[in-house]
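You will see chain A twice below: alongside chain B first, and alongside chain C after that.
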Partner chain A sequence: MTDGFKVNSIRKDFPILSQTVNGKPLVYLDNAATSQKPQCVIDSLSNYYQTVNSNVHRGVHTLSQLATDDYEAARSKIRSFINAGSDQEIIYTRGTTESINLVAYSFGVQNIRSGDEIIISGMEHHSNIVPWQLLCEQTGAVLRIIPITDSGELDINQYGALLSDKTKLVSVVHQSNALGTINSVKEITAMAHSLGAVVLVDGAQSAPHMKVDVQDIGCDFFAFSGHKLYGPTGIGVLYGKSEVLDNMVPYQSGGEMIKSVTFDKTIFNVLPHKFEAGTPDIAGAIGLGAAIDYVNDIGLDAINSYESELLAYGTAKLEQIASLRIIGTSSHKGAVLSFTLGDIHPHDIGTILDSEGIAIRTGHHCAQPVMERYGIPATARASMSFYNTKEEIDTLVTGIDRVLEVFS
Partner chain B sequence: MSSNSELQFDGIYDDLIMDHYRNPRNRNPISKPHIEHSDWNPFCGDEVSVTIGINKYDRISGICVVAEGCSILQASASIMSVLLSDQKIADVLAFFEDFKYMMDTSCLSSSTEVSPEIAALRTIRKYPVRVKCVMLPWVTIRDAVKSYLS
Partner chain C sequence: MSDLSYLYQEILLEHNSKPRNYRILNDATVSIEGHNPLCGDKYTLQIKLEKDTIVDIGFQGSGCAISKASTSMLTERVKGKTTSEAFSVFDAFHMMVTEPDKDIDHDLLEDLELLSGVSGYPARIKCAILSWHALREAIEGESGSVSTE
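Entry: the complex of A and B
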């Protein structure tokens, strides 16, 4: 393992990891669904409610100012975390899904017309498919799909062939939740920009595991969730270039997002508040800030390096199981092992592993087109994080042996 | 296979379940069926199709249940097809209601005497998330018969 990566010490930061499930030590390998939370994040939520709970951007009283300071400090941490140009480019949402919907319903409805084309890929999560399908139905635009190769990579040549002056928007996933593939979003963005299309990158799976630099990628939008990044549920982020956001209409309306309201006219607030109607998830934002501090303390380079070793170890172990087929074998992938096991249904795999205390995800992972691409109804998916260990992967392999024993 | 009683999951994959999974009954197509219906679970992709032939006494003269999905689903479909063979078609709805009650996870301690097949399926109540796998064939046939009778 990576020299100096103190996984045993890190595990102590996550109280949930020390419990037993079904009488066995918990082996949590469902990190692509949601990550566990370190004590500092849990504490940040209770500290907020115990000491500064108040509404933001409204009151003149001390608590309101303290809450606002903490809430906005978290925004700055997020900006720095993804290297956005300014805090006003960071919009709080409920999560990646809402971030994508915001772009579809604001930018999309405003700019997409009948006959225009939107390009997504064949490895998208449903949350990066359905909003665009609805937009196409509403506007008469056409949805184009970048195909996936056998190893689970995007076919960049096909993407180039799909691009045209009709393309108005490209929305692609940075790291596939079902396959683990990491896509070349910088190249994808440059190709789209050369034809004047805007680009959204779904970073739900990438932001927790690798250094993201939105200015280097060059994308117009980048969406991610707090809960996969060791933060609370209910908070997420939409990064948008300020020049793009400035020209967009509000997604939702109400308090906070206005500068002035009369019955004749409403003047919208400046960025980012124009897109943050109503009282936001203040505690969630502060909790996400605490999670980012925690990740930064460990260091994303160290995290990425350690998780790559876990992936290599797990891949080698699973490849030794004769009837096991790994789905998604790109050489450029995150620590995700999606697999099938002969004709044993993934739900049966999941139930037997659960009885061994091992938590994995089974099903189509909200990516049914990926399953269809490989001609399978579902997979079992072990997704790792920096608090997982080689020993836990060994436990997974023992669990899979048990599955094979039951179904022998 | 080793005895499943040694395993930790309380007999969910007991011999009777595994036998129906490995050797599903009543999967041969019915010629000229009176009822054809299929359903699926969008969350997991499980699919069930039911075809039924009915004789002049309003009894099920032929039944074919094809389930695509996990072992529990397939075993449940097979067991259902056996239990409903030769039943009066009008009794299927009551049969469904009885079965649904027996699968109710809130009455785990119920001591109602049941057939070994039903008892095996009831074991799965210990895993509430898998009860939907058990129920899909039954819901499918309930809807099929309801539609036929209406």
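Entry: the complex of A and C
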């Protein structure tokens, strides 16, 4: 099926991958933390600074116009990438974290009252827990948690039981960074909407690896980060339905987000600018646009089926290691392998693998409640991307053998 | 590779699998928790202080091999010593792992020198030093918890 997937030529697009680390060829398996950048993204940043750098939306001069065009063209690419209804539904942020905070502070403070309920899940990243905890503290609302099953899936029946007319907002992760589980966000959204609750989907881990259609999901908000999507750090996106965004108050204020200012009254700018105070990360937005072009050229379907193949291969290999336990065994998973290895602490695994040039993440992956759910302090996590190869997974397995040898 | 086998020496792995003074101290006078939230290392140190002397010390908890072995070796090294001796060992240990170019004080460090390999792994220094910070806080009278993040 993916015989035609040209991973070797794709790898040449990513200059960092040809490095050696600790004398060994780099095996980068920490893609859930951040992805590497193709040369075209790196070039788009330097090209922007070398040829069009100027501020957006505020100059009559040529460069300002060119910069504005590129910056807004990137917004259109993002819109089409997630199939939003219009460009004005795409708000630039610093990343997923800021996108969620924007909703918590703007929508939340305006709409959530004492006694209301907010539902999140037991597999959220801290960035989709803490803003809601703070909002609950401020408003007297109550946070409810959808439990996780042993295989690492959300318990949809329990979710149904939690939903009520008190539920004002549901915020769930599309693909878990700690477990890899892909959640049925369309179903989750429909259930919430039937009770009038608003839904945010954390797409930090899904947007880089699968086709996302926000209109099909039906969610009110969708948040993701550029840097996990082969784009630069410092840029991210909040998609919001325009009818929801229109009724929201600005999140930050200053320049760019206003239409007119007098000392008596300020009129806010239209969407999306209402939520984009100050000079934005122009180069970052353009770089994210370049990353999306790159991903589209390869094709998300091809990416998704190749990554599924890597996951199946890696799962089969790791399952052969007797003391290894994979955490997160849902049949509906992204290419993430979180595991423990007997009583060897993941931090020791990480150090030993690093000495073999293998970069994985170890720790709680900013998802401490997930660790608690499984009664473990941490996991080692190999997260794959379309530029990884089966040979690299073999290197990982050899590295794990080396860990076992050191601790034998 | 030799670096790695130096870091994970047999004796360190042995301390990890059979930690010394790994027990609850019923007559402890101070108790403190050391926590490294990034990797989840978490230990409780219990100390029985009589005047200036650490007459007994025990620990409980879990974490990586480096932090556990380091804590185990710490308890062996400071048991029966005065608090000012313990401070001197702390200083020597701290210097050994954070400033490897300086001379190691062999007399003060004794077995703890086995942990000198940690200095080559910046991400692991806080694993080795966690319980030492906890000890220091504990004998300075700050019963409670310390964190290396």
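Quick note on the criterion: the second predicted complex is superposed on the first by the 407 of 408 C-alpha atoms of A that agree within 3 Å, B and C clash if a C-alpha of one lies under 4 Å from a C-alpha of the other, contacts with A are read in each partner's own complex, and residues count from 1 in each chain.
Here is the rule we go by: a contact is a pair of C-beta atoms (placed from the backbone, for glycine too) under 8 Å apart; a residue touches a chain by one contact, two chains touch by 3 or more.
Not measured: the values here are computed from a predicted model.
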item: Clash or fit, chain B versus chain C on superposed chain A; value: clash
item: Touched chain A residues, chain B compared with chain C; value: B
item: First (chain B), second (chain C), both or neither touched by A:G375; value: neither
item: Contacts of A:E405 with chain B and chain C, given as first, second, both or neither; value: first
item: First, second, both or neither for A:G4, with chain B first and chain C second; value: neither
item: Partner chain(s) touched by A:D348 [first = chain B, second = chain C, both, neither]; value: both
item: Partner chain(s) touched by A:G196 [first = chain B, second = chain C, both, neither]; value: neither
item: Partner chain(s) touched by A:G363 [first = chain B, second = chain C, both, neither]; value: both
item: Set of chain A residues, in rising order, touched by both chain B and chain C; value: 344-348, 351-352, 355, 363-364, 371, 377-378, 406-407
item: Residues of chain C defined as touching chain A within the complex; value: 1, 3-5, 7-8, 13, 38-42, 62-66, 121, 123-124, 127
item: Partner chain C, residues of chain A touching it in the complex; value: 344-348, 351-352, 355, 362-364, 371, 377-378, 406-407
item: Contacting residues of chain A [partner chain B, same complex]; value: 22-24, 344-348, 351-352, 355-356, 363-364, 368, 371, 377-378, 402, 405-408
item: Residue ranges of chain B touching chain A (in the complex, touch as defined); value: 1-2, 4, 7-9, 12-13, 18, 43-45, 68-72, 127, 130, 133
